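The following pair of complexes shares a single chain, subunit A, combined with subunit B in the former and subunit C in the latter.
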Partner chain A sequence: MKIAHLAALLLIVSAPVLAQEHVPPAPYAYRQLDNPEQEARAKALMVTLRCVMCQSQSIADSDAPIAGDMRSEVRTRIAAGEDPEHIRQWLIARYGDYVTYAPQVKPITWPLFAAPVVILALAALLLRGRFGRPRQTNDEGSA
Partner chain B sequence: MAAYEAGTMSQADPKPRLRLALWLPLILFAALFALFVHGLTNPADTNVASAFVGNPLPQFDLPPAAADRPGLATRAFQTGKPKLLNVFASWCVPCAAEAPQLAALAQAGVEVDGVAIHDQRADLTRFLAANGNPYAAIGRDDQRAVQLAIGSSGVPETYVIDGRGVIRYQHIGDIRPEDVPKLLARVKDAGKGAGS
Partner chain C sequence: MIAEVGLALLWLAAALAALQLVVGALALRPEGRALAGLVRPVAVMQGLLVMGAFAALVMLFVTTDLSVKLVVDNSHSAKPLIFKIAGTWGNHEGSMLLWVTIMAVAGAFVALIERRLDEATLTATLAGQAFISLGFYVFLLIASNPFARLAQPADEGQGLNPLLQDIGLAFHPPTLYVGYVGLSIAFSFAIGALVTRNVGPAFARAMRPWVLGAWIFLTLGITAGSYWAYYTLGWGGWWFWDPVENASLMPWLAATALLHSVSVLQSRDALRAWTVMLGVVAFSMSMVGTFLVRSGILTSVHAFAVDPQRGAFILALLAIDIGGALALFTLRAGTVTEGKRFGLVSREAALVFNNVMLSGILGIVLIGTLYPLLTEAYGVKVSVGAPYFNPAAGMFAFPMFVVMAVGPLLRWRQDRLSGARSGRRLWPLAVCLALVLAVLVGVELTAHGIALLPALGLSVAPGLLLASLLPLRGRNLRRTPLPVWGMVVAHAGIAVALFGMASESAFSVERLAALSIGEAREVGPWRVSLDGMMPVAGPNWTALEANVTTRYAGGTPVQLHPRAETFTNPPGTRNESALETRWNGQLYVVLGEQAEDGRWQMRFWWKPFVPLIWLGGALVGLGGALALLGRVMSDIRRLVAKDKIAWRRMRQGR
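What follows is the complex of A and B.
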């Protein structure tokens, strides 16, 4: 009797899950491309594309249905010989820079790319001051 | 001599510098506190807006999703009359919540076409029977091909398409009663733009 109640309860709980699983996922959502070289290229692209639903995961990591469809879209295009960067640009045209984890060089992102150079230059200046001074005082002392 | 001068300088200096250094953590704390309060009281907008607004609809030709409505193709939006394109699904709860508002828009004379995402005919029939059917046509998009092509990141979303098939506006999420006049105005604007 108890088991029957439990089974009924489990069925009720699982009903919403079943409701979403009616349509099979897109062909390449959970299936790799047969060509390993193409699959590697698709994978390299997918880990740098952001899932638009679960917003802190790449489409390679995410289990959201829309991420599966995005993976299938990417793999289908790679299999058709499309350039990965072209696919990225196609998605950026639709979802904005938001969709890519690889920052694009644009006026708004130039500080990002300039920062390492600026910091290195500052560090060189600081270090020159630090390492330059003792030699000067030594010179004075010896003179 | 030089060393002695430097010594007196550094003994004279610390007081004002020390005072500032003592206040600095408090100033930093206050600045961070203000930042966090601002962040907590103004939660970030997590909607991913389509960057594709302003572009013509991509070419598509979707098979019918419902028994009594035709499928949906790009040419249906090139008739000279602005329309609404509603991206929805029978398994989506907010889609049921916006059904009365879509019905109101359809009653106001706006043609509403639907794209059903990951849907099956039996589920859709049940959904339309329960919530009403304001759609003139419903295309079946099993792999989100059209949804991805127009930069839609979820269901429901509603696009205003002008008479030449150009996307003019995107409404993210369910249409609330207060959104209906706004959407009607957008459709009217799209009609003016296509005429000129």
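What follows is the complex of A and C.
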């Protein structure tokens, strides 16, 4: 019995070494979580993560091995109860901002978030210039 | 021999384009007026020559001439004929040649048939067209010669990427290119009208069919491309906000805005400067899109640096054409008056509002697509995807849908929505609004966890569909003019597509499963079972084909055969998905790899109402085609009537 235990222990210890030699195990690359709610949460996160080795594909749309590994990672962490945004931050720390399709609010990305506001303001200005004569008081949304 | 002939034809066409530009420019001056008659024939000849050059390249691909570099890099003797032909434009040089070919042929077509525009504006238009073409000829001849030979002929070609070996490649790029380049005609018209300071209803009438034609092709090209991506990529996605897709969406948005503003210009002589501006912007978006895609800059700024000559060329061309047009616009905009004014509640106002909303979406897509390039220049790589585009574009899209429902029911110039007679028009709209609210409440109550945008889409779509049919109310349907039918069908198509998109996003069921032969799974209302596996072979691939039995809600079984194909030249794999379409959705089955325990990785999706996305797109295109048919027929009728009057006058004069 003891020997069997020892062997098992050895196996566990040596597993990471074996894993590095072969393909890293990604049990959830092509397997969904049993809990549908967790799977939905994992899926919602995966479609917003970029497969860093592919061209413009999310990890939820790719056959690349790295995408499979990342899917497995995301599902495992979601199953462990981790918050999706927390996982995203962890991946960003690892792969950089490139990995998330949801741009993070940072000094370098603020113009991206200012853009809709600026465009809205421009649109309002343009429309006001066209219609903004004093006698008309309705707003253009009702036009 | 064929390659040399092709190259010679290309040089000749380029020379004629230069001639067309010079003669056109001279003919606009009083002392050069005698030359004006030369412009049309030169444009036609240029079109014929470049068609010859393109035909030569197709011949090289069909015969797989392995002494030509482009053929060796992109083709293979064992490829089916259709993909040999389609392979002609499945690469940089070939697609650029296709671009100039369509451009020159479109120019020749204008020169042959356009009679509505005054001669000076037409001359300026053709000169403008030649100017743009010339840039592309120079680009082709100096930086991307498709006919270059190898010193030593190769033994065999490199083949074509398996993903591209699909019937989609035969139709999708040429369709889009016709759309892009059709917009070059609108651009040249705008330039021509700016040069001769002749912006008015006559100009709009001449420009409108071209814009409409280009827009139809763009619509169909984007729709087909989306469906192609959906069934080839094997993960059930249909739109990825990929820069290449955005590159086709941006000209479409600009063309849609242009289409509507040119209609205002034609019928009401308003929005002159805005229409010309959109004409310039629409084609600029085509160029920006195509060139960003072709230069490889979009995958990475570093890919751009791999071939600095091409990159620099592209940038220079963009700067000259777009910058030149914008400079001309600024110079002349002062002399182009805005045209007639209109009230706040009027059809023009609704069209203007939606023009601005479309431009807003265009701005979002443009910024979101280019922003990663900007940050990469600062050494930071970011990605911009659906989490940014969907809400930012939705912000403009949903107000637009509301105005789109109401706009066609308003009168031109000035309308009132109060008073006794407007009730008759308002109550159907109230019904639509009630429908929207009812669906929204229903969706929120029955389906939990649906995100805001899909819920909004699901509820707005039925109301919008109903509202888009309202312009037919009270009309004699047989006597309703074709353009009105076109508008109704196209607007309904938008509603249909919106419903498909929202439903796909809200209700899709995904099932990933490792199945052994004989095993079954539930996928939404479907029951699927893997019955067997069989090797099959195609002309240049071998594959494993799964036999999958599917039943919808216990109904009759249907056999599906998804395949995992392996290509040898070049080596690659492709998962050919199998689709089963029902009226209420599509089952999507993909065969993956075999796991270590011998089971097969399979992926299943049940996507309720997803075909409506492409059905809607096709309806939008059909609406455009109806409108175009109506316009062309009424033009022909007018011409015939004019001829009759002229003939009668002649007879009476005798």
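Following the convention adopted for this analysis, the second predicted complex is superposed on the first by the 106 of 143 C-alpha atoms of A that agree within 3 Å, B and C clash if a C-alpha of one lies under 4 Å from a C-alpha of the other, contacts with A are read in each partner's own complex, and residues count from 1 in each chain.
The rule we apply is simple: a contact is a pair of C-beta atoms (placed from the backbone, for glycine too) under 8 Å apart; a residue touches a chain by one contact, two chains touch by 3 or more.
Everything numeric in this text was worked out from a predicted model, so none of it was measured.
By the document's definition of touching, of the two partners only subunit C reaches A:S58; subunit B does not. In the superposed pair of complexes, A:A93 makes contact with subunit B only, with no contact to subunit C. By the touch criterion defined above, A:I78 reaches neither subunit B nor subunit C.
In the superposition on chain A, A:R130 contacts subunit C only, with no contact to subunit B.
By the document's definition of touching, of the two partners only subunit B reaches A:A26; subunit C does not. By the touch criterion defined above, A:A40 reaches subunit C but does not reach subunit B. Look at A:T48: by the touch rule set out above, it reaches subunit C but stays clear of subunit B.
Legend: residue contacts after superposition of the two complexes on their common chain; A:D69 is shown touching subunit B, with no touch to subunit C.
Between subunit B and subunit C, it is C that contacts the larger number of residues in subunit A.
When the shared chain is aligned, subunit C comes close enough to touch A:L120, but subunit B does not. Across the superposed pair, subunit B and subunit C both touch subunit A at residues 55, 96, 98-99. By the touch criterion stated above, subunit A contacts subunit B in their complex at residues 19-20, 22-23, 26-27, 52-53, 55, 65-66, 69-70, 72-73, 91-96, 98-99. Residues 46, 48-52, 55, 91, 118-120, 123, 142-145, 147-151, 153-154 of subunit B are the ones that touch subunit A when the two sit in their complex.
Within the complex, the subunit A residues that touch subunit C are 30-32, 40, 43, 47-48, 50, 55-58, 60-63, 96-104, 108-109, 111-112, 115-116, 119-120, 123, 126-127, 130-131, 136, 138, 140-143. Considering their complex, residues 233-235, 237, 240-244, 299, 343-346, 349-350, 352-353, 356-357, 359-360, 363-364, 367-368, 371, 375, 378, 380-388, 392, 395-396, 399, 402-403, 406-407, 410, 417, 449, 510-512, 514, 575, 592, 595, 601, 603 of subunit C touch subunit A.
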